[in-house]
Structure formats: C-alpha cells, structure tokens
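This structure is in structure tokens; I'll ask about it shortly.
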C-alpha cells in the first residue's frame, strides 16, 4: 500500500520533472542557478586573489587588461576583477534571497489576513498596499536606504519594504479564490474553524503560486539590489557588490571597459538564470498559467 | 426535522465601474418542512434559488429574513459553539466531486477531518478515527487501500463516494445532496443513486435532494417541491407532483423531460 | 453518395503519459435530412469525431492514423487545409456546448453574424444574392436580422447591436444556431448544444434544430450524452464506447431493442417512470486506459458476457441498418 | 461613468495623504542634518538654528506636516532647503523630460511588444516563438543601467553615432516651449533639425528603458493571445469559416489587448518611478535625477514632491487604463 | 488554433506592424553643428547652479556663475595668485593693516545701466554679513557692519577690527549687487527670493537662459565696461554629471572645457587632437583627520603608528596626478616648509609607536567614513584598510551622505576615528587652510571637528594678524612643526587640478584658486 502511494506521488513528480526537462530553457536556467548558487557558496574561496576580496589593494597593477593572470583584468586599485565578481555573487544572492523571503513572509501574512478577514480589515490593508504600489518603489527604497545608511542588511530592509505588496495582493487574490472553492464550503459545512480553513485548506493550496512568484522575483530582487548599489546607496566597502562595482567602473569606460562589463555580465547571467528557472517552475507548478 | 419558514434572501447590488447593479432577490418567502427519515426532492433550474437555499440551511449564509429550524432549534439563535455542534448533524454532498475535495489532502485526512473537528462530541482518538475512516470507505464501496491516495487519483464516481463518506463521518441525521450526480456519467450516476438509497435505508438518514433532473428526483424522492425564481411553486408527494402537477411550471417541466419513450 | 461518410477513422492524441488511441475505427454515414445522435460517456470520443469532420482537431497533439472522412464524396483528410477551410461555415456548420463562451464577448452579435455571412458569401455569393462591397455589408446585416428572427429571437433587428452578455443562455444558443446556419451548410454538427441549458430551454432548442433540418435540407450530427435527447430528436443513433461505435442504426430500433451490452447498460441506468428505488442498474468498473487499451473488445473488461474471443480481437460491426459490434449480441441480459 | 471617474479621483486623496505621511516619517528617520549642510560648511550653530527656523524645521513634526498639507491645498509643494527654489517650479521643469522619456519608451514597448506577442502566440512553440521568448526573458533580465552603459559604450563611445547623454545640445536653440516635450515642440515649430536632434538624444535612454516593458508586454500579449486562441469562441469562428487573418487581427487581438492593457498601466507607473537609473546613466534632466540629488542631500521636500507627482500620474494612468478597458470590453461597462 | 493555420497568413501583417514602430526611430541623423557667427564657450561641469544670490550661493558652480555675472572689488589671477583690479581700479592700505581704501572704476556699470557706486559696495558687504550665508564667513570678525564707509560715490573704506593679512585675498569672493534693484525687490527675506533666480550684477556676462539641471547660458551685456575682453559672445555652463561623458564631449569638440575630469580621463585624453590637458598643482589639500579627542585615536602614539603605517605611495598612485603633502599646508603656499620632516611608510616605527599605545598588539577596529560617491575617498579608505592590516587593526568603512558626515562632526563622540576631507583654498593664503583646518574655534565643523591645541591656535592667530611676510613665514614654520608632532591628520595629497580644454580656447591662464570656476572675460575662441 505504501508502495502504491509512493509510486503515485513519484509519478506526479516524474511528470513534473519530465515537463520541466522537456524545456531546454528551464534546464539552462536551472544550470545557471545551480552555478550561481555554487559560486555564491564557494566564491570567496575560489577567488584567485582572496586578499583583494577582503579589501587588499595593489596600486602598482592598476587597470591591467584581461590576461591569463587576471582573466577579467584589474581595477582602479589593482584588484582582480574576477575575484571581486566571484565574491560578489554571494552578496547579490544573499541580498536577493533576503528581500524575497522578507517580502514573502510579510506579504503573505498581510494578504492572507486581508483576504480571509475581508471587510474593513481587508480595505485598510489593501489601501496600505496600494499606497506602496503608488509610491515608486525604487525612490522609496532609496530614501529608506539613505536614511538607514549603507550596509547589506539596511539595503535588504529598504527594498523589502517596497516588496511585500506584490505578495500581499497575490496571496489575497488567491485566498479570495480559494475561499470560493467548494472544498472550503465543504469544510465550513462540517464546522471547521476559520483558522483551520486558512491553514489546512487555503494556504496549502496557494503555495505553488507563491513559490513561483518567489522564484520569478529572485532575479528582479537581485536587480533591484544592484540598482541601489549602482545609484551609490549600497553596501559598505570593501564588500564587493555587483551594482557598486559597476557604478564605480562606469567612469573608466571605454578605456578600461572590463571593469564595468564583467560585473554587469555576471549580474545579467545570474538574473537571467533565475528568470529562466522561475519561468520553467511556473510552467510546472502553476498549471493555470501554463501556455 | 427541518423547518424552513418564510425565508427570504436578498443580495445587495454591487458597485460596478460604470454604475451600480440592482439588488437581487434570490429567495422570497420559501417555506418547507422535511420530516425525519424522508427523502425530499427540490427541483429547480439554474438561478431558481436552490443553491442559495442550501447555503442558508447550512448557515454558510444568513437569510435576510425568515427562520430555519433544525430539530426545533433556530439557527440564527445558536451560539457559535452550538452552531458548530449542529453542523455535525446536518451534512452536504456537493455537485462537483472534482472541486469539493481539497487536492492537497489524502482521502484519510479528508474523511477524518469532520471527526477531528468534532472530536469533543464524538470522543474518538486518532486510531479510532482512522479505523472509522476505513469503515466509512467500505460503507461507500471503496476499499481501505484508497485511504492514503489523493483525490486526483480517483474517477468522478469514486470521488463522489469519498464525499459521501466524509458527509457520513459524524453520523449526521440529515444530508443535503446538492445535485450529487449531475456531473457524472449516466452509468456511474445509477450506482451513486443506488448507494444513496441503500445508505438511507441502512442508516435512517433524512435527505434533501436537490436536482434539476426530474428523472432522478422521481427515482429517489418521497416528496418533491419545485422552486422557480426563488419561490416554491409546487409541493407534494413525488407521485402526485409527477402525475397531477398543479402548476403550469411543473407541467411544462415534466413535458420537457427528455425521456427514452416511443409512444 | 452519402452527405458525410466516415470510414475506419483512427485518431491518436499525444499526452504526457503517452499516445492515446482515442478513435478506433469509426464508421458512420449521414444523409441529408437525417439527424444522427452520437451518444456515450465522457471521453468516449464523440466530440473528437465531430471535430475531425471539420478537421478542427489540433495536429499535433492529434494524429490521424487511418481512415477517410468523405464529405459529398471528397476525402477531407486528404484535402489541403485551405480546401477544408472553404467548407467551414458553408458546407459544414457547427455549434458547441456552452453558448456563453462560444460568442466573442468583445463584439456585438451584429459584427459576429455579419462577418460569418460575409466570409460565407465570398465562397457562395448567392448567400447575399451577389451583393458586393457596401451593399454586401447591408445585405449581410439584413440576412443576420432575418436569421435571428428565424431562430426565434424577438425583435431581432433591434437586438443586432447588443453584446452577447445581454442575452440569456437560451437566446445565446439561438444566436449561435443562427450563426452556424447563416452560411447555409449542408451538414450541421451540434456538440452537446443543450447540455449547458435548462430542461425547459433544452426542449425548445432541440425543436428548433429539428425544424431547421427540414428547412435547410441538411444532415445533422448531434453529439450528446443524454439518451432522452436522442430519443426525442434524432432519426438515427450511434453509441460510442472508448473510441468505437459499438452500436448504430435507426433510433427506435436501437433504443427499443438494444443489441450491445453497453447500450443496454446505458438504457438501464436511466431512472425512468416505473423503476423502483434501488432497482436501477449501474455499470461496474471504469473506462479502459486508452494509452494501453485492452486487446479485443474495449468493453470486454466490464461486460458480463465477455469470452476469451472478445478479449482477442476487436469485433467488427455487423448487420445492415441496425449494426452492432459484438460477438454476443442480444436484447436480453444473459 | 463620470461618477466612476469622480469616485476614483476621490479615492486617490487618502493614498496621496498616506504618501505624505509616510515620506514625513522617513524624513524624520534620517539621522543627518540637512540644514547644517544647506547652511554651508562655515555656518555657526546659531546660523544653523536660524536656517532651520526659516524653514520651520524647528517645529514639531506634526506642525511641519500640517503646514505642508495646508500649503499643498494652495499648490505649494514646499521649498527645497538646499536651493531655496519652490519644489513646484522644479517639478514643472523636470517633469516634461521624464514624461517624454517614459512616453517614448512606452510607445516603443507597446508598438513593438503587441505585434511581437501576437506573432509569438501565433507561431507558438516554433522557432520565432522560442527566439522571442528567450529574447524577452533576456531583456527582462538585463539591468537597465547596464544596458544603458553598453549602449553608451557601443553607440556613443566606439561608433560615435549618438550623443552620450543629455537631452539637447547646448549650442542649438531649443524649439519654443509649448508642451515641454522637445520632440513635440520641434514638430510644432516645424524645426526638422531640432526634431532629429531631440530624437537622437532620446534614442538610447528610451531603448534602455523600453526593453523591459517591451518584453513584459510581449510576454503578456503572447500569454493572453494563447489564452484567447483557446477560447471556445475562436473555435466557433474557425468552425464557421472566418479567415484566420480576421480571427487573429480582429477577434483575438481585441480580447488579448484588453488583458494586456492592465500591464501597460502598471508598467507606466513602474517606468515613472524607475527613470532614476536611466536618467543617471544618460544625464537626462528629469524627475529621477532630481529626486536622487534631493535624497543625497536629504532635502526631503523635493522627494515628497516627486513621489506625489509620480503617484498622481500613476493613479491617473491607471484610471485611463480602466476606462479604456471598459471601452474595449463591453461587459465591464455594465457589470 | 493550430500554429500551421495562422502562420502562413499573418507573417506579412505582423512584420508590417513591427516595421512601423522601427521607422519612428531612425538613427542616422546629422550631428549638431556649432552655431555660426557666435563665439560661445561651452563648459561641461557636473554641478548644477543652485542659486544666483551672490551672498547665499556656494559651490564651484555658483562661483563660476558669480565670477562671471557679478564683480567683486578685486579679482584673483595668475600663478601664484595676485589681486588684480575689478570694480576697484586701485586701492591702498594703512601701514597698520587696519584701514583699506578702494577707488572704484568710474566706468563700472550694472547690467541695467546704473553706475556702480560706493553705496552699492557698502550695501553688498552689509547684506552679506547680515545674511551670514555663502562666503560671508571669510570676512566675519574682520569686516564689521558700520565700519564700511562710502567716502564718496567712487571711494569706499574698510576699517578692520584687526589686521588681516589675507584681506585682499578674500575680497574676490564678496560680490557687489545693485542696491537699488535689490531694494526694489526686497520682499520679506532681504531680497533672497528675488535674487534666487534674478541677477543685479555688473559682471562681464549676463544671464541669457537658465534651464536648471541642464544648462545656463550667459551672454555679453550691453553695458560691458571691463577692459581686456576676449571675443566671446556667450558662455554656456552645461551640466554633464558623468566625468566620462564630459571627457567624451570634450573629445568630440562639443564642449570647450571639462572641469571635473579624473586622472583616468586625463590619461585617455593624452594626444587627442585638439585637446589641451591642464594639469596644475593647486592649494586643495586632501587629508584624513583623526579623532584626537575621543576614542582610541585620542592617543597620539596610535595616531603616529597609523601615520607611519599608511601606504603613501598607494595614495598617490590612486590619486593619479597628485603630489604628496609635506605637512599640513599646501605645497608652494607662502610659509610652506618643503623640508619639514613628516611621516612616511615605516612599519618598524609604526609598530614602535603602537607598542607604546594602549593597544600594543593592535586587535582593534577603527571606523572610517567617507562621502558616498566620492570615488577618491573610497579608494583611500580601501588603501587605509589595506595599510592598517599590517598593524593588526581592522577598519570599518562607512560611506555616508555628506550631511550625515557634517552632522557627525558636531561632537567628538560622534566623530569617526578616521575622516577624510578635501579642503579647498578659497584664497591663496596660508591663513585659509591653517585657520580653517587647525584653529580650535572651528571645532564642531567639518573642517576641524576636534583638533585643539592652544599653542597652535595662538600661532594661527598671530599669523593672520601679522602683515610682515617674513615674520609670517616664521610663524607658519613653527605651526607646521607643532601640528606634525601632534599628528592630528594623515597628511595626504594635493591633487592637481585637471582641466580639459579645446585648443581653440585662447587667453587661458591657470590660477590655483577656484580654477574650475572659470573666469571667461578674457578668453577668446
């Protein structure tokens, strides 16, 4: 009997995996994400010049063009750009993850409460999220980040503050839709308490869209983190963050283009990977959105 | 057992983008009385108010006016705790067996859920609940080997049996059957109808059977009422309603019944 | 030459689990003024048969394995898409189950009717009496109003400008019938045209279709799951099970003396007058998996009379007029 | 309908009010001392205090907020502490530049995105579709500022085809001010050179900015087209012999566009708020750059002003979108 | 709908639609040409001009504007910088240095045609002091209201409270407004609202158009009275925020001056046809201030250890075109001692001093802030981080917004351990840097937040009161030695001024004071 259960579930999983694997793009995305995550974990150790990552400088070797010793060249302080880019992966992934997780937690809470309670509570919470949607997110994040001062955590908080309404709206919409499901009516009819309905019948069924949104948002969160860094409201030196690296390097173009182009490419590849993966996941997990 | 007295339900109009829609009267002055142990049929076409009536009976919605009494107790006056206890006594099987089961729960969890909710009154431990779930599955013609499977692994007829098992979990006195077979193929429908008839005979249940299919109603119901635009237009024993319909609407409906008849 | 003749049609549909053999040798012939009912349980292939006739089965995932669909003698499966497209609307008209979703919500019914009329008139100018350009538009509007009037929409001309959501379900189905008939087709395929409607409306729509058969001198393929509907409005019936036509013939013959065990089971499952509670006979088991169907008769696993011979090979249809595909036919249960 | 518009406009008020409250709270959070900065490096404590008093910054924040609100009623957005210029004047100066950029980007995105999405849906799962989808995802993944830098590197620094940044060359007389949009003003004035010049300056920032909305609109259009193509009424239309061209361009397109419209409205607001990056890269004298500088000097009146203007525009655009939605989709009009 | 069915017919239609979009943005348009018949000098600069009020505005962009639209009594020119006549055609000072009399040029006219009179001068100085904004700090405590006298219409006399050696050097920064015009538009704020966007000057240029955030165009006024004018008919201050963009614009001949170039920009401009690189020493110092009053850096031994551990070579390398400072005063300024013994990288000595401090083995974390976005400061912060590792000292780097940094200067407790700062010499006199950066009266301000040494104070005060040059050299010599001994700063570099200029510009003479606020009167194209 247990065997039958396992095989039934296994079949569903296999079917999803099959569908996922069918799409070469999703696989490419998964591969990119795995690579990015791997670099995020081991990046600082595989960096050829770990000293530079910690802030070491080598002013005698400024602006060396890409070569075997420095595949991505060196920057204005003689630091190895490859090392900085590799080490920067962890910062970006961590920050992106932080933003998405914070946004999801808070947004899901707000959305679930609003959608489930309805009425006055819903109205107030949704007006609040409207407000956040109306205020340009980047400007809000800039103002908050500027107020809190430079630093990774501050940046994550600043972005997450403008991030949760998306989740709140998604979750609220899903909760409202699930609330109308017949099985929820059935649960109510057998006398289930609101909490039971929310946690047992509603929330488990909206995990998929939330996970899909999280995976789709990862890339965008990394991009927003980099944007703040680019504007110059980012991490503290010597933390090697991609957007900050790009922001510093842009004034050295076109002569020392490698200082700007490689961090930018790293950013692009990581975001692209997460977006491809998110797209693929959506196809598998969120059948309604499947095309 | 169930008394519905002069129930009216009005939905307020909604504010749309380009203006407000008028309020909708879904039920107006509906009165019915269903005796214990009988099988009562309620026939109506789409928009006639039959679904609203079930929602009011189950107290998923409150009627605008009127009273609904079950075993002599008025729903509107019950405390939340008492209401919850009442819910163990009156159960429902919905039309769409595909939508009425939570896809994330196993059959075991689905069937035991009412027992968990009403564990205070039923006094069943976890093991007893599982045992009872197996019994219930057996009762509705499904083997206990299905307990740990998920709804999507079942056919429509099997799902409807699961729904029936869930409805019977708390040993209710009354079951509302809201078009329980209209989503099923004819051959499957017959089995489910037989199961329902069998269960009623064995457990002494009271049925409120709602359908638009006159043939089904005629087959399973002792008494029948016709609802049209929120009003009861005809009520009586099934035989009487089919053989000597009193209202034009009933006559029209019966005439329109598609039947395999060549005479 | 029959108006429509389907011979040994085999169709497979690809899905994630594999390729399902959904039509398994369909034979069917429809003449003008015949109304053929196509009945069977969900998933037996009746809708796909209808779509196949108009070549509207998407390929892929669909794949025609064998067979012919002859419309007025021409094999549609061998025609290029463009030629089949020429037939749609003028040669073959279709109506579908849900009148709510089959009308485009963003356009007035005038636009939708007129466009169908104009495109039909490009192939058969007689439909608009040869009118061209601006005159054609005007003629098409007149025709649209006339058709609406013909299908029983009161005050038809005034309602032309309305949008679909302003009509009731039954009225929408009438609009769709008008749309399907505006190009004067020879064959009408009606796929569960009344399933989404109330009983009272259903009877009216069926009567309307019957009336149109005479007026337009056409053949009808009426797909339904309701034997009552077949009995009321069809001249002939074909019973389908799991991709096969198991029994076919004049409606009265088939329904009064059903030869195939499945047909009989279907009839016995309908609660009719006089059936005592508990006496209804259902059908045990489930439809077979079409990806790996059982060899032989697909009904054999559920059939009380099945023998080893049934499980060995698909029984060919036998008989003239009233045909049945069964090795052990009979009008009584064994 | 008028009532609907009015009701929506009234609903905007609490949003804007909430926005000012929030910005005031953030401004209060700022640990820095904008007055000390604005008063100059050599100001004494007394001078700084006088400066603060001049702007009412010595008052409790509730009083400051109340003053600001009463000013707003009279169209007074406050004064920049740093430049002492009225914020409203600055907003009016910078807004047209931003709007021109956003509208140009949006125009490109809509004009290219809708046909591209339609095409991808029609050619679904064939190579133009795959190519389009990969390109769209790549476009969404491309940071605007990085794209901007690459464009600059390619077209301005290496090829020398386009100006590196700015809005209009200093040497040329700009066209007489009518709309504030240089391209339009040039056309109104009939000045071909000015128009060409304005377009040359607009090209790179608009491209950098339009890519993401273009890709999103394309994806949305593709998705909704596919959804519409699967609708029963499309099947009916095919079954009744309507030509494929008519089905796609008339019946499907209208329904699909109405679904895409919402995205366009949302993106408009997103672009308005997101001009900061592109304006920074291309030295485009717009609201984003203005806001950035105000944020950096902790001059929060301009920041609130910018947020208000963008918020208001966002609400207005979405109102227009909703109205358009009603025009395209007759059902909405009645329900 | 199957793909096959639709693709055939729609390909053409879709391409046509896309084509329409592309046509809207043809890229092959003619390059903008310079207007003919006009000699307009274009300056690319990163800073907007925030305010036109000569007694309020600060910053180099404002200095550019005021120097060209307004006149001071005297101007500063040449290298080394000298006071030259402006509104005043001649002046004399009393022997005790207390009284200074200026004779105005009778030709001087405001842009509205009014003659410039001694009354206007008095009014302007008093307004500057009254508002106490902008550059007025330079004369505060030296020139007092009521002691500026209009002797006659063409003569004005200043009676100083105390002798001030640099008096002539500060006068170029106090601009003269037309009293009548200002009084006519006084408002409630002493004319500040009106002067914000209007001018009442007599300078060699007048405002033609202003597009805040984009450009400011000046043109010759009809009343031009200053002798020695070049052939310019106008000047444009174009705001190009990115230095790379400035460089490119200069390279392509779209601008004549680029004033914010980096050393990397200068390198890439080398040998570019038509481009002249101006790389000149200047009096702008860059040093890293230490918190001498609070925290670990209050310990002079630790300060010396840090001073010896600093990688000065890296600082110069990172700075590009720059010279290492020798002590607190700029190289080449009056009284600077080039032979002064200062700290240079010497880890042994660094460790010696560290051993004598409270943290003999290091192991502490210091906090260094820098202005967010100031690239050179960021580089130096990283170099300090790298340097201090040798002493087992960690450095926490915190980029801050400038206002936050200013705020942090107010109290020793909030002042960071290391605080990098540029100090621009507003006037070419040692008093400028000495007073601003080391006099304890400036404590709490960003130029000298915490450093306090009464003896140094006394020397600085003596230096500014003394008018005998030789004696001043002596005073400043002692002052430099004492400051070095206290090690309040890591003396960094003097970045050279880096201007990019087209060779079409004639008549440009570099002056090491405010050289990016270019005076255009004498220039030609």
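Lettered A, B, C, D and E in written order, each chain numbered from 1.
Just so we're on the same page, a contact is a pair of C-beta atoms (placed from the backbone, for glycine too) under 8 Å apart; a residue touches a chain by one contact, two chains touch by 3 or more.
This one's a predicted model, so the numbers in the text were calculated from it and none came from an experiment.
Participant: Tell me which chain's centre, taken as the mean of its C-alpha atoms, is farthest from chain C.
Facilitator: E
Participant: If every chain is reduced to the average of its C-alpha atoms, which one ends up farthest from chain B?
Facilitator: E
Participant: By the contact definition above, name the pair with the higher C-beta contact count: A-D or B-C.
Facilitator: A-D is joined by more C-beta pairs in contact.
Participant: Which whole number of Å gives the spacing of the CA centres of chain B and chain C?
Facilitator: The mean C-alpha positions of chain B and chain C differ by 33 Å.
Participant: So the centre of each chain is just the mean of its C-alpha atoms; given that, what is the distance between chain B and chain E in Å?
Facilitator: Those two chain centres are 85 Å apart.
Participant: Cα centroid separation between chain C and chain D, in whole Å?
Facilitator: Going by mean C-alpha positions, chain C sits 53 Å from chain D.
Participant: What whole-Å value do you get for the distance between chain A and chain B if each is reduced to the mean of its CA atoms?
Facilitator: 47
Participant: Would you give the residues of chain C that are in contact with at least 2 other chains, written as numbers and ranges?
Facilitator: 85
Participant: Can you tell me which residues of chain E touch two or more of the remaining chains?
Facilitator: Each of 1, 5, 242, 244, 372-373, 401, 404 in chain E touches at least two other chains.
Participant: In the complex, go through chain A and note every residue touching chain B.
Facilitator: Its residues touching chain B are 1-2, 4-5, 8, 181-183, 185-193, 196, 200-201, 204-205.
Participant: Please give the residue numbers of chain C that touch chain B in the complex, ascending.
Facilitator: 41-42, 169, 198-200, 202-203, 206, 225-232, 252, 255-256, 265-273, 275, 277-278, 280-284, 286
Participant: In their complex, what parts of chain D are in touch with chain E?
Facilitator: Touching chain E from chain D are residues 31-34, 36-37, 39-45, 47, 50, 82-85, 90, 93-94, 107-108, 111-112, 114-116, 118-119, 122-126, 156-157, 160-173, 193, 196-197, 199-200, 203, 206-207, 229, 234, 238, 243-245, 247-249, 280-281, 283, 285, 289-290, 293, 296-298.
Participant: Where on chain A is chain D touching in the complex?
Facilitator: 25, 127-128, 130-131, 133-140, 142-144, 146-149, 219, 223, 226-227, 230-233, 243, 246, 250, 253-254, 257, 260-261, 264, 267-268, 271-272, 274-276, 279, 289, 291
Participant: Quick one: in the complex, what on chain A touches chain E?
Facilitator: Answer in residue numbers: 55-57, 59-60, 62-63, 76-77, 146, 149-150, 232-233, 236-238, 248, 250-253, 255-256.
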